[in-house]
Each structure stands twice: as C-alpha cells, then as structure tokens.
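To keep things simple, chains are lettered A, B and C as they appear, and every chain counts its residues starting from 1.
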Amino acid sequence: MTRKLLISTALLAALPGLAFAEGEAAAHTGFILTSVLFLLGGVLVFWMAAGFAMLEAGLVRSKNVTMQLTKNIALFSIAAIMYWLAGYGIMYPGDWLIEGWLGPFFAVTSLDPVGVAADAVDVGYASGASDFFFQLMFCATTASIVSGTLAERIKLWPFLAFVVVLTGFIYPIEASWQWGGGWLSEAGFSDFAGSTLVHAAGGFAALAGVLILGPRIGKYKDGRTVPMPGSNLPLATLGTFILWLGWFGFNGGSQLAMGTISDVSDVARIFANTNMAAAAGAVVAMIMTQVMFKKVDLTMTLNGALAGLVSITAEPLAPSLFQALIIGGIGGAIVVFVVPLLDKLKIDDVVGAIPVHLVAGFWGTFIVAWTNTDASFGTQIMGFLAIGIFVFVVSFIFFAIIKATMGLRVSEEEEVNGLDTAELGMEAYPEFTNG
Amino acid sequence: MTRKLLISTALLAALPGLAFAEGEAAAHTGFILTSVLFLLGGVLVFWMAAGFAMLEAGLVRSKNVTMQLTKNIALFSIAAIMYWLAGYGIMYPGDWLIEGWLGPFFAVTSLDPVGVAADAVDVGYASGASDFFFQLMFCATTASIVSGTLAERIKLWPFLAFVVVLTGFIYPIEASWQWGGGWLSEAGFSDFAGSTLVHAAGGFAALAGVLILGPRIGKYKDGRTVPMPGSNLPLATLGTFILWLGWFGFNGGSQLAMGTISDVSDVARIFANTNMAAAAGAVVAMIMTQVMFKKVDLTMTLNGALAGLVSITAEPLAPSLFQALIIGGIGGAIVVFVVPLLDKLKIDDVVGAIPVHLVAGFWGTFIVAWTNTDASFGTQIMGFLAIGIFVFVVSFIFFAIIKATMGLRVSEEEEVNGLDTAELGMEAYPEFTNG
Amino acid sequence: MTRKLLISTALLAALPGLAFAEGEAAAHTGFILTSVLFLLGGVLVFWMAAGFAMLEAGLVRSKNVTMQLTKNIALFSIAAIMYWLAGYGIMYPGDWLIEGWLGPFFAVTSLDPVGVAADAVDVGYASGASDFFFQLMFCATTASIVSGTLAERIKLWPFLAFVVVLTGFIYPIEASWQWGGGWLSEAGFSDFAGSTLVHAAGGFAALAGVLILGPRIGKYKDGRTVPMPGSNLPLATLGTFILWLGWFGFNGGSQLAMGTISDVSDVARIFANTNMAAAAGAVVAMIMTQVMFKKVDLTMTLNGALAGLVSITAEPLAPSLFQALIIGGIGGAIVVFVVPLLDKLKIDDVVGAIPVHLVAGFWGTFIVAWTNTDASFGTQIMGFLAIGIFVFVVSFIFFAIIKATMGLRVSEEEEVNGLDTAELGMEAYPEFTNG
C-alpha cells in the first residue's frame, strides 16, 4: 500500500538469507535495474517541467510569456533545492514528529541523502540517490501545476515564495501520509503514481490561489466570458506531447522495481495503459467539442489527453486496456464539461489546470476501486478529501498572508500592459507582436 | 527474416531445456533487458509523433497550423485505439484468415493483448505488453507520414476516417506479410525496421491521397511553381531533431533483443549507422542545394537528414559506417532531385513526405542487397512493389469513396482563408500574423 | 585518471581468469548494461544538439534565425562524419605519432571502428560501437558551443570549414591528452566529463573567432552597449531545458560503467548533483539580476542554469549535494558578472557562450580539487591553460587564414538585412515579422 516507501530495513534483514551465489547475482542485477528505472523515470519526469513551461507559454498571451517561462524555470530550480533541504526528510521520515502525520523538518539525513545512501540505503534494493532524484521530480511537478492557473496576474516573487512552501513542506507532508508510510497508507488509500498526491494536490493549491487572486481584468464582462486565446498553439501542443512522454516515466517509474520478469512486465502494462488513457482522453474531448460546439477545439483536445493521463495515474497497472480507455475517456469528457463550468463560477484558470489535475485527479483516484480490489470507493474519497482539504486550507492561508503583506497581484496598469515589460523588462517575441 | 514476429512458441518449448540455474538467470535478465529495449524504443518512437507534428506545423502557412496540430494529435490517438482494437491482432495472427495474407479482424486476443501477455507470452522472451507498446508506435508513424502531404486543404474528419482504416487495417495487413511471418517473409524479403513497411507505405498512402485531392489553390500557376514558405522554421528544425532522436528507438529497438552481448553490440552498431546515414543525408543535401541553387536550402537539408534516416532503416545493422554514409548520402540526394520533380508533375506534397518516405524508402529497401547477403535485389523490388501497390490501391479507393460521399476537401473560400478559422475557429498565432 | 579511455587490453587479459560460471554471467550483464549506458547517454547528448539549436535560434534576431538553424544541423552532421573519418582515431590512439601528444591521422581503425569493435574491443567491457556513438556526441557538443558566439555575422561555409577542423582534429587532439591516456592524464589532471575538454575548449575556439570577427554592427555605440534582444524566448527556454536534460547523459554517461551496484550508484549521485548544480545556478542568477538590475533577467537565468551545469561537469561525482549547490551557484554568479564584462571589452558574444562554457568551465575545473582529493589546484589550472592555449592559438590561426583568403564575415549590407535573405534566401518566420 505504501508503494513509494524506500524499502531498506526489511530487505537489509533478508539479504543475508539470500547469500548464495545465484540469489546474490540476481539481487545485484535487480538493484542496478531498479536504479536505472528511477534514473530514466526521473529524467522523463524532469522533462515534464519543460512540458509545463511550453504548454503554459503557449496558452498565455504574448505579453506574459517571458514571465511564464521565468516562473517555470524558477519553480523547478526552487523545488530542487527545497526538496533536498526539507522535503525529502519530511516525506520519508525515519522518526516522525507526529507518528504517521508529520515528519521531521530539516532532518540531518535530508541534508545529504546521497551520502547517506551510499553508506546504508544502497545495500537495499536501489541506489538512494536514484530514489531521491526520482522523488524530487514529483515534487517539482506539483508546483508546475500551480503556475498555469495563476498566470497573467500574479507577481513573480510572491509566487516563488509559495513554491518554497509548497515544495519544501506542503507536498512532502501530504505525500508522507501515503508514500512515506503514514496514516493514509495505513487506512488503505491507494494512489499508485499520484492522481491525488501530485495532481489533485497541485490543483487544490491552484484553486486556493485563484480564489484569492481573482480573475484577469476583462475576463468576465456583463455576464459573458471573454476568450483570451493563447499566443502560440504549437508550443502548447509541444508541451502536451512532452508531458505525455514524461508520463511514461511518471507512471512506469512508480512501479519502483524493475529487477524481475514480473516487475518489468508490470512496467510495460503501465506504459500501455498510460498511452491508451491519454489517447482516449484526446479522442473523447475532440468528439465532444465537435458535437457540443460544432468545432473541434485543439486546446480542449490537448487538455483531454492530459486529463486522460491524470485519470490513469492513480492506478495504471490493474486496468485492462479497455478499462484504461474508459477511465481516460471519461477524463477527457471531464475537461469539456468542467472548463465552461469554472467560467460560470468566474474561476479564471488560464490553462485549465483545475479541470485537468484536480477534477480528473478525483475521477482517477475514485475509480481505482473499480479495477483494484484492494481499494474501496469510500476510502478513496476520504483520502482525496483529506489531502485536498489540507492542501487547500494551508495554501489559502499562505496566499492570504502574502496578499495582506507583500501583495500578490500586479497593478491594473501592469496587468493590462503585460507582466513582461512591467515586471521583467523583456519581451518574449520583440519582433512579432503586431501592436 | 521475420524479425518482428513475437517469438513465443519456439522459445516456450526450448525454455524447459534450459532449466539449470545459470541459464535461467541469464534468460531472466534477457527477458528484462529486451522488454526495456521495447519500452525505451517505444518511448522514442512515440516522441516521433511530436516530431512530425512540429515539422509539419513549421512547414505549413500560419493560417493552417492549428489544423495541422489537431490532425497530428488526433491521428496518434486514433492509431493507439485502432491498433489495439484491430491492428495488433491482424499483424501477428495466431490463426490466419488467409494463410500468410490476412489475419483475423477483431481477434479476441487483440481486445486485451496485455492480459493475454501476462498469462502466456510473458514466459517467452519479452513482456507482451512491451511488444504491443513498441509495435503500436510504428503503426502511428505510418499515419503521421500521410498528414504532411495532404496538409492545407483536406478536411479534418475525412482525414481522420482514413487514419482509422490505415492504422486499424491497411498497415497491419501489409505488415503481417513480413513481420507477422506472412508470405513476404517466406519469400525472402528483408526490411529490418520498415523502410518499406512503414515509410514507403505511409508515402504510398500519401500519394494516393494527393492524387485525388489535387494541389493547393495557386500552387501551380502558368506553368510555374509558386513557393508557399513554411511559417516557422525553428519548429521544422526541432521536428527534424526529434525525428532523428526517435529514430534511434525506431531502428535500434527493431533488433528486438538486448539480452546478450551480441544483441546489445548489434543495437549499438545500429545506433552508429543510423546517425551516420542522417548526417550524410543532411550534408549531401546541403552541398547539392549550394551547387544547384547557389544557396543552401534549410528545408531540403532537414529533409535530407530524414531521407538518410529512411534509407538506412531497411538495413541499419549490416553496413559499415562508410556504407551507411553512402546509403544515407544518396538518400539526401534523392530529396534534392525528387522535390522539384514532383512539382513538375503538379503533385503538391506540402512537406516533402513522398520524396523522403516513399522514394528514399525504395532506395533503402533496394540497397539492402548490397550489404545483407541474405537479400536479393529482385526480391527487394518485388516486396516494395507488392506493399506499394496494395497500400496505394486500397488508399486510393478509400479516398475516392470519401470524396464521392462526405467530401474530402474544404471549399475554395475556406482554403484561401485558412483551415484554422474555417474549420476550427482558432488561430495558432492570434497575435503574430501581419495582415 | 584517464576515465574515458576504452579499457580493452587489461580487461581482455583478465577475463580468462574470471572464467567460472557466475563471474562470466556478471561480466556479460555488465557488458550489456555499460553499453546501454553509452547508448542512452549518447542519445541524451545528441539531444543537446537540438538544445543548442533552439537556444541560439531563440537568442538571435529573427532575420538570422534560418542561418543559425542551418549552422546547427550542419555542424552536427559534419562532426558525425569528421569524428569517424579522423577524430576517433586521433583521440584514442593505439599507436601515437608523438607519444602522449598526437595520435595518428586517418588511422585505419577510425575508418570503421564499429567493425573493429565487433571483432576485438567488444570482448572488453562494452560494445565498441556504443563507445564510438557516445564519444562522437561530445565532439559535436564542442562545435555547438562555437556557433552561438559567432552568430549574426559569420558566413556559412567558412564557419563550417572551421567545424571540419575543430571536430576532426583540434578537439580530438586535446581530448587525447586526457581521455586518450595522453600526457595530461599522466600529469594528474582531472576532468570527469569535460568542463575543460569540451566546454572551455569550445569557449576558447569561440573566443578566437569572435576576436577576429569583431562585434556586430551597431552593438557598441558611443561607449554604450546596444541591446539586441533575442527573437523568441520560449525557444531559448526550451533549448535550456533540452540541454539540462541532455546533461544527465553527458555527466552520467561519463561514469563509463553501469554493470555493478557501485557504478550505478555513482551514476545516480552524478544525476542528483548535476540537477542540483543547474538549479543553484538558475536561482543565483535570478536573485543576483533582481538585486543588481532590479529585474529578473530570463536569459541570464537560463545561462545561469547552464553555467551551473558546466561548473559541475569536471567533477559531478565527488561533491555532496550541498557542495554541488555551491559549485553550481557560483557558476550562476559568474554569468551575471562576466556577461557585462565582455561587453565592456567589446567582445560581442551573442548567446553568452564564453561566460557559460569558458569561464564557468574554468571554475568547474579549478574547484575539482576541493572535493576530489586526487586532484590539485595547480594541476587543474595547468591543464586548463594547456588546453585553452592550444585550442585558442590553433583556432585563431585558422580563423585568420580564412579571413585572409575566403573571407569570414558577410558584407555590411548583408549583415544589416540579415543573413537569412542574403545568404540563404529563406526567412524563418515569413509571416510574423513586423516590418
């Protein structure tokens, strides 16, 4: 149940018992191959940071593109530092501050997990550094989700301050509840690769931010929603392809083992199911936009693929390909229904991150109980709500404090002129924009 | 000869004979490593879908970019579903409908190959799901080739209807002749990774489509060819780099095994040869455009690299690096000669897919007999023609039927205004285009 | 000390001694896994060629974008051919022309290293073709570094003539001094993955070129530096993410072995340190530009990440994560200080390659002695200077000869109008640029 916990004690104890030639050789190969899985998986999830950057840069207007790029490279870099400084130690606690609920802040181990790994954990089932590298990328992904929703009006440094808190503390705490062996994993919650822990968590943080921040100027006018089309759809499409690609590492790597025939076959099933869910999400969104709006909508199709991916993430192994198609397809449908719904509620989510990551994240988490007999619908809902409420409330408080102190939003004039000239003094496309 | 046939029966029978400790351990490691080859190869070939999307989006005019992106993400998603629903079962038939010629439609196994794999095939030499994942990507590539040629005037849904047929039936049928152990493989035809089965097949489908569709309005005027320059060359270059990258998976993965020193050394030779052929294709195209047109032509250089890649795909293992240079270099020369030739014939191939995939695909298939002593020039030509005629005729009939019924081409006014506003109501670069 | 030397003789001699069942099986698995490391590492470093292309295309003005793309695809292709034709044989000499200093030109082995490998070297510790593939990519990277600095005014063919010399001779000669087992490795110099051998070498070649070429017209006017902003910052950001991604292969692959628990754990440490250094470089550059210029500068932040990567490249294994943070962070600071400094010296480095690759390359090489007790500060400086002076002087002479004979720089009119129309007759964005 606690899939992402770094197994070390148990395996360490068991290894001497395996001390005959063949068993040891197999264990060695298994150690190497599982480390390779973490490294390749981590590299693919790293690549998702580029995917989010391109997706968001393509979906904002050109006057805010430099800012969106800056936020994305900055948030990844901050996540890399904060997860090392605090997050990893909180997420995988040796000694809990509060058993099952809160790990130690700034634990000594977290100051140099790699060094520690080389001494102790490496004798376990995979290189400690490879595990750290892989887990770090999930933390960064959570932050990437937030930046799109709040685009085109949030100030740079206040946003980055939130990233510090999210990646150093909020994400690691809620993730420790499940993947760190905490109370949620004890309660029987199931979230294979993070539909809730990563995607819905990012979505709830985004929701808290957007409620405090409010919609962009001119977005809702006289009861109508004014379209603010993205400036570069090839970039948005590239970003989606990058995310789709990276997701093979996200879900496949979460098998957390590749040293046996059984494990590599599971990884392969996960790859096939992940791909199917994405394809189904895209096709359903495409058909539905044709039927409902009489025209295929590319950005909804892209978000449909992403929603399919989020939907399968909570359980990419158990479903058959047909079940993966259903799960992902409904994810795609969610996008088409929820995007207009949010606009009706005047929740201005620039890139559609809330439908894709929060709502499809709920769907994916809930439906685990359909294909995984170890899970129950009730526990799935409970776990989703527990993490959702925690992330939402803490994020809301934090955004409110920032708003009251250093200010969260650029001035009206700066927003109208674009954040690029106002905050950064640098245009993304100085020679292209017409007027 | 039938390199891509999923070996299972033979190996299954042989395995018990290997039932001593060391042999078994090696078999296990081999199973894992070959599955890893399929997964990584598949991921790289998946990435080629993004490459085609970027290449084509960069080479069409900005008024048709959203449509080209939509077609590319849609065709991949449809391929993913159709290859599962019908294609895989047709391509690797347990029981043929017509021995060596036609596999079963909608075979039960194809409804959940992954599930089946877990029970039976997995005991073979690699995870069944990994094989499915890898093969699926080749099917999708075939469809990607078609979309570029027909760009800027074909309607969305008729094109997607063709993709359904191509990926569910046309490609799997012709591929079964060779990689499914059918009559072509019995006849001694040789196509390691698909110069004919994938690339020329896609090219023939594109040729059928373009002949029925006709050239874009204004392309051929008073006996002259009017240039219609691509709107975004960095995108086209990015797409080419992505395709080049993905090709390592395309050709390297087609070794279909990585569990022994011999196999991994072969994979490495394939990587080196693939890279050399691409480089030679680019350099030759660059030099030839300088000599013939007095100016280096970037899009021909990009297509030269791609033609080099297509050329080496039928036999990336047997050639020395010097032979790979020759094979790829001639591929690059083909582009420079065939692109103007097609224009003379008023065949309006927007991105140059026919020179790159069909003509260089022929060259690559033909020249196999130079370096692979198991192949003969005659059989290579025969196989190429067999697949070419089959794909061309079936595609031609299908396009003709669509044209006669639902219509294939947008109206003249829509074509002039661009497909993006007419069919999709969404511009790719709403803020950039001047006028 | 000579990390990149292809070990074959020693291992070949030792292998018979290991001729008992288990040892042999482990050796086989090790051979495969190390070959896989070379192939995956090589693929990732190949991808860096795309990263440089996007970074540079994004940072030049739109009138020179097609040229920059052409140079990048051409230089990679030329490197692929020249490294095969001459470079590989020079870099890893069986018989030196001058012991420790100069390998044989056009050695027979270099004409078909793959073929040779299959016979002899493959019995060593990894596939010879995989090693060739991996090493080739480092050679190409060196050339990629040069093209950015000299952008927007150097002619196409003279630049490519320099690439021929750089990738066929200059790089292989200096690299043979260290990685080929030459005099520098004997002297105790330490450069794990090439802060000096690749990055500073590329930087020195760029410096030689820019001194002869001079600044762009209008760059320095009345004692002031005129900003010439890049035309497409999303491309530049994408390029940076690609380079960051590829660097995992660059540094991780340079472990040159992945067949044991110890080696894969080292590869994992390298991944984690590489990521940390890049993140620290980005964060430091971001904070410093905020403090010094009151506005975060995106291009400096991107270059800060790259400088962090270059800084950790000379020793990505020994540092703790905290040390990696310090090393990379100082790399980021270097960018912020050196970019304006170069402008004061009227050295017009279009993309900032000299600060990033040469200066941060020095920093990374120097600081090796902090974390790696086998290295000394003195030897590190000596090695850096030896390679720097050699590359600079030879490049300078070559550029001077070209300038005196075929000419190096486009005419004033061509430069003002842009190289794309003047030299190539093809615009990168024919529909976007306003005026």
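As a working rule, contacts are C-beta pairs under 8 Å (C-beta built on N, C-alpha and C of every residue); 3 or more make two chains touch, one makes a residue touch a chain.
The UniProt protein names, listed by chain, are A, B, C = Ammonium transporter.
These numbers were taken from a predicted model, which means no experiment stands behind them.
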Pairwise touch network: line, ring, star, complete, or other: complete
Same or different for subunit B (Ammonium transporter) and subunit C (Ammonium transporter), where same means more than half of the interface numbers show up on both copies? different
In whole angstrom, how far does the Cα centroid of subunit B (Ammonium transporter) sit from the Cα centroid of subunit C (Ammonium transporter)? 32
Scan subunit A (Ammonium transporter) for residues touching two or more other chains and write them down. 22, 25, 29, 36, 40, 232, 238, 429, 432-434
Okay, in this complex, where on subunit A (Ammonium transporter) does subunit C (Ammonium transporter) touch? 21-22, 25, 28-29, 31-32, 35-36, 38-40, 42-43, 46-47, 49-50, 53-54, 57-58, 65-66, 69-70, 72-74, 76-78, 80-81, 84, 111-115, 117-118, 122, 127-130, 132-133, 136, 156-157, 232, 235, 238, 423-434
Show which residues of subunit C (Ammonium transporter) lie in contact with subunit A (Ammonium transporter) when the two form their complex. 22, 25-26, 29, 33, 36, 40, 44, 61-62, 229-234, 237-238, 240-242, 244-245, 248, 252, 258-261, 264-265, 267-269, 271-273, 275-276, 278-280, 282-283, 286, 290, 295-299, 301-302, 305, 320-322, 325, 429, 432-434
